[in-house]
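Labels run A, B, C and D following the written order; every chain starts at residue 1.
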Amino acid sequence: MSDASFHGVFPYLVSPVDSEGNIASKVLRRLVDHLVRAGVHGLTPLGSTGEFSYLNWSQRRKVVEVVLEANGGRVPVVPAVAATATADAVRQAREFEAMGVDGIVAIMEAHTPVPESGTVDFFTRVAQAVSHPVVLYTNPNVQRGDLTLRAIEELAKVPNIRYLKDVSGNTGRLLSIMNRVGDRIKVFSASSHIPLAVMLIGGVGWMAGPACLIPEHSVRLYEFAVAKKWDEAVTLQRALWSVNEIFVKYPYAACIKAGLELQGFPVGAPLPPQAPLTGEAREEVRTALQGVGAL
Amino acid sequence: MSDASFHGVFPYLVSPVDSEGNIASKVLRRLVDHLVRAGVHGLTPLGSTGEFSYLNWSQRRKVVEVVLEANGGRVPVVPAVAATATADAVRQAREFEAMGVDGIVAIMEAHTPVPESGTVDFFTRVAQAVSHPVVLYTNPNVQRGDLTLRAIEELAKVPNIRYLKDVSGNTGRLLSIMNRVGDRIKVFSASSHIPLAVMLIGGVGWMAGPACLIPEHSVRLYEFAVAKKWDEAVTLQRALWSVNEIFVKYPYAACIKAGLELQGFPVGAPLPPQAPLTGEAREEVRTALQGVGAL
Amino acid sequence: MSDASFHGVFPYLVSPVDSEGNIASKVLRRLVDHLVRAGVHGLTPLGSTGEFSYLNWSQRRKVVEVVLEANGGRVPVVPAVAATATADAVRQAREFEAMGVDGIVAIMEAHTPVPESGTVDFFTRVAQAVSHPVVLYTNPNVQRGDLTLRAIEELAKVPNIRYLKDVSGNTGRLLSIMNRVGDRIKVFSASSHIPLAVMLIGGVGWMAGPACLIPEHSVRLYEFAVAKKWDEAVTLQRALWSVNEIFVKYPYAACIKAGLELQGFPVGAPLPPQAPLTGEAREEVRTALQGVGAL
Amino acid sequence: MSDASFHGVFPYLVSPVDSEGNIASKVLRRLVDHLVRAGVHGLTPLGSTGEFSYLNWSQRRKVVEVVLEANGGRVPVVPAVAATATADAVRQAREFEAMGVDGIVAIMEAHTPVPESGTVDFFTRVAQAVSHPVVLYTNPNVQRGDLTLRAIEELAKVPNIRYLKDVSGNTGRLLSIMNRVGDRIKVFSASSHIPLAVMLIGGVGWMAGPACLIPEHSVRLYEFAVAKKWDEAVTLQRALWSVNEIFVKYPYAACIKAGLELQGFPVGAPLPPQAPLTGEAREEVRTALQGVGAL
């Protein structure tokens, strides 16, 4: 899988886990195949939607193993590496590379704010530990602070830091980033932005949980944007927005897992102490999916 | 001035005040004339950039009086009404209407969070107190809470609540609003959004401080968006973004006043205890303006 | 009234206003007399409980006028001066001094954060505008930032800045302040602290809304603390805490006004868009007051 | 070790780790012995000061193993169990119990807010997994939300949930907790409170990082409080507060590790990407320790 091609729609995959803590491989495999056939451009296991912070390392490895196998080299597989300690992140990155992934999303978790030099060092070491492309993940909530523009400019000098995904919800920040390092770092939208708005200003796609539920619509939206068919794109984006709204309203994993269950993928509930969606919330997911013809 | 026409670029005007607390009418008049000649579509005195929270009522009245007179009916004048108490906001709105404004921006300030019913009542009473159009201003910081989508749907039923300006920085929220009440309420962008992104999804313009400094560029950007010349628009938007960045980086009034001083409008410093931009910050403003040919 | 004596229990008075916006002098006068007879050591009109941010200047003047008159020089009257603009705060302070108050609480409101130098200048100018003692009010919420220890050390050099009341809820901060400027500035507790804990570490009393509802209990608690009868004090403090809990749970003015109504003082509702307490909330106030024998 | 005796001073131990990630057993053993000889009443490894979130499970086990061995049953050893997933926390608790600890501090980490029912279930299951006493740890930052009073009342029904340590900094909240469940749950202070103030209202001691640096002073302060020698206690508390101030000013682990290095315990730096204290910050630690005679 050439790394030259990270672009388009990368669904954040859910992590189906049974009550004994085993990864439910069968349904995960079916989901991967379904998404790839629907035309998505890549797969991102172990994002927030994939409950990375609730899985231990052997569970995380198993998720990636299943995804790689089910994908069979059709699209890039770019799992998230997430850790508080630099050494832990480096180890995760190396193990994933040895397993054959096409790139990683690098997430720095933090217990308390970390100084900028430590943050830059964290991402630099993770990138240097592997040879494939790295996607910087910037999320002020998980990171207890945010990557400053200065830190991003510094990190853009690391050769294999090639992409960035920002979860701040501040679309203007993406424009500031593109204006500074757009020639070296390509930007993916998150669900906290309007994907189409990010495409307009120069984004290359989006990594997002909702694409698990509406892969074909997402691909169509991406193609409209690439073809600069803005009128058609806006009409579609407005219709799809209701799916994004429920994703933002409810916890990510609970929402996507509920939607997939409705679509016939028995992915189960999020790991405790998280709660599954029930009652009215579940009906909202159903209504949103029916509204766009995804159920 | 027909209210049917609120659209396009509405600069938030600064409020020049001398050391005795008098409004510096001469420079304000010159600024208004300059902006109208540059093609702006309306004028908004007494926004955050206009330091509403630092001016007493007689100062606010004087600002509006000068702006109305200098404008001479060429474009709509839509000052902000801002108060914590409902009764105070109603009184302000009535006085402005009697002075001949074309509409108002309604701002609810809050000392502590106000229940939703009180908030809806505040905006409803302000709107009912006047006959011209009202622009809802939603700013979670000033309001210590935010207008919920449900409250906005409720307020959209008030006939003369016709516009909304959102300062949350969350562009996706604007799409949620448009999807719900877009047929009754038109949305203006703020500087916390990328104006072009808001135009793409259905916005009708922007009310923003930076338009005081780059009125012609702003009008050109608006015209590109209306003409759906998205490529030209994105190129221009990217260039103009540096002006927006300094506006977000420094206090609004201090930034715009510094820029106007550099452009030859002696508007003075923001009111104490606010501080004027000095040294490096002032040079950043100069650099940003020079970068877009606005100096 | 000698300024040497600011200490003990200073109730934050409510501001009763009728539906036409007039101050309800009669009930305010009765409340003042009731509190002074109950033994409180001072009176603080126009705090948060007094809805300063919802009253215009003529209403504020009227409140102070009524309180001064009803008090008749029995205890110090120390109203709050609150403004965003330095010039406005200075003017308020001078007018209050001319009316005959014994001191003021100085509150800096802010629309956006103000640089430290501006903040220090604000409080310095207010203090220099009057000859009586000034109580610094530090509230990160109202002030959109907080007075740093460095700023407080600077302000302690102004001769008539003699007291401080901190609303941060961080009692440790008070100890840090006392360790630095305790010889020049005396510290009053707010309701966000446990008054007794503040007395233990060196506080001189408390300025608080609940003292309107339980003046005698408050005075007794103060006397226990001064006499170092800690066991009796703790027992009483624990019992009184339920009144503090409802005060923190509900908006200040709404809570105290509801309690006073129950006690037979027809002070009315807080000004719109604030809402009065009703139903269950009102019953909680009743239960808390009954629990301590204040109803 | 009888669980009946959790009270007094429990230092949060640092976790010395060498550059290969091995626990530096020798210095940790020396530190444990030093603290126990200084009179502390218990030991708490793996708190925030112990960098739990930066250590993997085998490192955490090793820390507890070394502490248990060095302590040799002299005082209770109560390590922290910290996890996002309920199942992970249960497993940690069981392993620690099997290793012979005297109790655990139960910490729920969260990626995003968890519903109250999930939170109550998390702590209940952890407690039910062991037979020794459990200390509830309530920290709105780590937990992305806080334990409500209602949840605490619910958890107080679980027989072995016997203690609580609150890191909110809101001392009034402790009084609310004591008033509700004080007969079943005993409260420890954290460094975000003034330990003496918590003792005054009924606390039983404190679990805190600074006690690593000033164990004898801490024990003396505790003894003054138990003996109700409040005057001596306040004088000592005021003097010790400067050590608490640096602890709150700088990252916990970095601060305590720097102080211990100065005292002759080569515990090394916090794990990357955290940074050690250097330069001026390190001098502040030195000055604070010298100021109380702890260097």
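Keep this in mind: contacts are C-beta pairs under 8 Å (C-beta built on N, C-alpha and C of every residue); 3 or more make two chains touch, one makes a residue touch a chain.
What you see is a predicted model; the values in this text were computed from it and never measured.
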Using only Cα atoms to place each chain's centre, name the chain farthest from chain A. C
Suppose each chain is reduced to the average of its Cα coordinates; what separation in Å results between chain A and chain D? 36
Counting only Cα atoms for the centres, state how far chain B is from chain D in Å. 51
Let me know each pair of chains that touch one another. A-B, A-D, B-C, C-D
Which positions of chain D touch chain A when the two form their complex? 21, 48, 53-56, 84-88, 108-109, 111-112, 114-115, 117-119, 121-122, 141-142, 251-252, 271-275
Note which residues of chain D are touching chain C in the complex, please. 169-172, 175-176, 178-179, 192-194, 196-197, 200-202, 228, 230-231, 234, 237-238, 241-242, 244-245, 248
